[in-house]
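Which chain is which? They are A, B, C and D, in the order written, and residues in each are numbered from 1.
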Amino acid sequence: MVNINNFGIIGGDKRQLYCARSIADDGYGVYLYGFDKCDNTLGIEYMELDAILKQCDAFIMPLPVSKDGKTLNAPFSSETIKIDSNFFTRFDGKPLFVGIKNVIPYSYENIYDYGSREEFAVENAVPTSEGAIEYAMREYEGTINSSRCLVAGYGRIGRILSQMLKGLGADVTVSARKLKDLAFIRSCGMKAVMTSDLGKGYDLIFNTIPEMIFDAHTLAHTACGAIVTDLASLPGGVDFEAAERLNIKAIRALSLPGRVAPRTSGIIIKNAVYNIIKEENL
Amino acid sequence: MVNINNFGIIGGDKRQLYCARSIADDGYGVYLYGFDKCDNTLGIEYMELDAILKQCDAFIMPLPVSKDGKTLNAPFSSETIKIDSNFFTRFDGKPLFVGIKNVIPYSYENIYDYGSREEFAVENAVPTSEGAIEYAMREYEGTINSSRCLVAGYGRIGRILSQMLKGLGADVTVSARKLKDLAFIRSCGMKAVMTSDLGKGYDLIFNTIPEMIFDAHTLAHTACGAIVTDLASLPGGVDFEAAERLNIKAIRALSLPGRVAPRTSGIIIKNAVYNIIKEENL
Amino acid sequence: MVNINNFGIIGGDKRQLYCARSIADDGYGVYLYGFDKCDNTLGIEYMELDAILKQCDAFIMPLPVSKDGKTLNAPFSSETIKIDSNFFTRFDGKPLFVGIKNVIPYSYENIYDYGSREEFAVENAVPTSEGAIEYAMREYEGTINSSRCLVAGYGRIGRILSQMLKGLGADVTVSARKLKDLAFIRSCGMKAVMTSDLGKGYDLIFNTIPEMIFDAHTLAHTACGAIVTDLASLPGGVDFEAAERLNIKAIRALSLPGRVAPRTSGIIIKNAVYNIIKEENL
Amino acid sequence: MVNINNFGIIGGDKRQLYCARSIADDGYGVYLYGFDKCDNTLGIEYMELDAILKQCDAFIMPLPVSKDGKTLNAPFSSETIKIDSNFFTRFDGKPLFVGIKNVIPYSYENIYDYGSREEFAVENAVPTSEGAIEYAMREYEGTINSSRCLVAGYGRIGRILSQMLKGLGADVTVSARKLKDLAFIRSCGMKAVMTSDLGKGYDLIFNTIPEMIFDAHTLAHTACGAIVTDLASLPGGVDFEAAERLNIKAIRALSLPGRVAPRTSGIIIKNAVYNIIKEENL
């Protein structure tokens, strides 16, 4: 990181603040823009746009960088910040790190998408899994310990979530489509079922598969008496209307990392940015 | 359980409802008294006092059976139920199961205290530990996974809580006074410290020791930057005023089983009652 | 499995016997050929070749089916069994299940290679990992519990072995090349290092990577004072000569499943055969 | 440890050598007596009795200090060393640390029994448990992972062994007599049974209870098809004759720490000696 001494954090929520804090703790200069409505900036200095553009060598923008493709995702800013060509020109070719860069209607040369990185996705599966457990604890009138849990899907979240549930003492079943994943699941001392044949008798069900797995039929046969948490990104994998009809409590749990663990989420963003800097020799 | 076919559940909160439900699921007759304000009695039938006294062979009262030594602990009852000699006489010598019997100002012969049983205390350490984790998840802006946790005390709660934290992927240190407990802690792959020398650098601290462990001095040296959850029964083990002065977030977490997991708590009451019935050949 | 009622087990070692036993326990007819020197065939009936060819609907051969490409791998047979075109013709087109089919110098139409299946490899990582632990326990004068272990590589064996070592209470570090694997490793509460930078201070090192990772330089810097177990298939990943020169104890641990757990290995073969039958509608 | 600078290690086996090595690594002077037949003393200097008595401030003897009550337990000594009053007089009142002091037919004032300490017993439960697993791995033709294990007794060894078996992925049942222990067992995600009602269907059974639990009747009903390892000190808890009659493989596993992990055992002795020195201000 020979060429970057000062980072500008442009917009975003608490995660970006914690990201800023963690970079500052590593000894770099860090400055904020787009946080004027924020009471507590964790000790990080606020700057005007002109000043921060001049002061900093690289800039970190939020995940997603924009929600509408026109303005910066900056909930702590009192003003709307337009992300048009004019905006990007002012960064003068310095490196920009953003989450989900293809929502930006402008092609900036020196831009890096930390949100598309594999290790970023795996690291975020940790706060997602913990958030799912926190939500389930809140809703369920029993304990996770000794409850019968089904985790549908054995991708990043399925692997980490099932392991945490087991660590709390639950009786865990995990579903997968591939025989090799069923073998991995069993090697962990958990029960494995095919996703096409989920069984029943669960207290808590967590869906991690971004497909309509829990349609009316499957809900009726698998989820009666259970609480269903849908962790799959929209449109999700649970038929919420059918769940209501069947009197099955179903929770849509989206964007958990930022909600339940902004501090960890901010550090995960920092880690991804550092990894890019290393790989790209910035 | 040859002589008991019908159980009367007299007063109490959601835990007693779940206790009732679970006994009914075992095939026994179960009836409620003191729940007239409750909307959803989980399908258990409500009775008037005269009827229930006649119908049932044994009665289960809440934990604690009374909060003031004069009236039944019955938050779902619209009337106050006095627990005077007159009240107890009406039970006609049939077995009564209560939590904390020595708050009752009357000596009934056939009374059993499920709340004083050792296995009851151990089983309740499970919802207590999960509740502590749920509270910590809510307050902490990071994840339990990879956080540095200190559990002060290695009694029932310390044993179960530390194991659950480790199961979530935390970096767990446990304190104890006895060398043999330190050895047990280490055998679990956790760090062990003497309670007299707690160290520092923790994100989350859980006190389980019913003594003033976290006084101002210890808070200042051990807990800076941490969230402290006090699980010890009153007067507790944390100086909350000092914590506020030192700007340390401290949470008093009492009566967790009933709050976070009434269903599990009700089943734990049932288990204890069944164990008494077996031991006493009722 | 509509068309197969009787299985012939042709050649192999103890694993094939346990495979036979387990199939028989499922209710199928099972017969052995090539086991005449075996004292205890676990209650499975022995047959002559003509009889077994007539009696059975499908045949299972060992892993590897041949060691020299000319004769059947049949250590319990008193005669050499040639696997020439004549041999295969006698099977009359019935399904054959073999391990590593490309060592056979003949193209039989209805042949299936259970040894190349992914779930077979994952399931075998379990006995391999346990075997590695058994060998390490035997050689090491300390306990695995609280020892400092390095697992090089986070493939099938790395994942399962590291988890088992942690389950015994070891202080586990795992190496990987991909950042996403490092993230998975950390999510399990283990330390993660890049394979290019293994560190030092280990008591036990397990190599699972089929490349020369532990050359003289790495041995000298990483493995001094440690016991090194090489689990990678030949030519392996440890310079054994350098290890000897450096006075580092190094163990080559090959073909562990059959050695340490023939019963489990036999059941794993059965599972793979059943999976093929299901997929191919045999 | 203000008054002790040099330790004499008098007799014993490999454990005492590792104890010596570990004390020397802490910076103390350490000398050996009674090891003249030993090829490799791990770099510790050998001395004659007169010299070592003069040189050292405290002495550590083995566990047990004597097997016959007359001579020192010194398998590496070419001479027999009598432990009569004459022998002890020569130590001149300096502190002696021994294992099982009541086998000594002489009352020495400044003698401490490290073998009777509670934390010593807990620490030794770790190598005992690992040794039991190593023996079971060697005998069993399946894997511990996914095997059905019964641990009889939930004392020191039961607690640690059951946890290790679970950590390897076994399906673990533990027996206890007290209801509160059954509750602890269940809280760990393991099955709990009363010791009086062990059930059946196990692959591996480990007895830790020093009473005749596995008599002919219990063996016949609980252990058919299983391998039974008896970890209880003599006379043990398994009827080995009945086991043979019933064709059940039974292993007597005694003195495991010294056999399977002399290094760890030596460090455990050191820890206990240090704890005594601290407590007694020696």
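In this section, contacts are C-beta pairs under 8 Å (C-beta built on N, C-alpha and C of every residue); 3 or more make two chains touch, one makes a residue touch a chain.
What you see is a predicted model, and the numbers here were worked out from it, not measured in a lab.
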Higher-contact pair (C-beta pairs counted), C-D versus A-D: C-D
Chain separated most widely from subunit B, comparing mean CA positions: C
Geometric centre distance via CA averages, subunit C-subunit A, whole Å: 38
Intercentroid distance (Cα basis), subunit D paired with subunit A, Å: 49
Distance from the mean Cα position of subunit D to that of subunit C, given in whole angstrom: 35
Residues of subunit A whose C-beta touches two or more other chains: 126, 145-146, 163, 166, 169, 187-188
Category of the chain touch graph - line, ring, star, complete, other: complete
Touching residues on subunit B, where the partner in the complex is subunit A: 14, 18, 126-127, 129-130, 133-134, 137-138, 140-146, 163-164, 166-169, 260-264, 267
Partner subunit B, residues of subunit D touching it in the complex: 117-119, 121-123, 125-126, 159-160, 163, 178-180, 182-184, 187-188, 275
Subunit A - residues contacting subunit D, complex: 145-146, 166, 169-171, 186-189
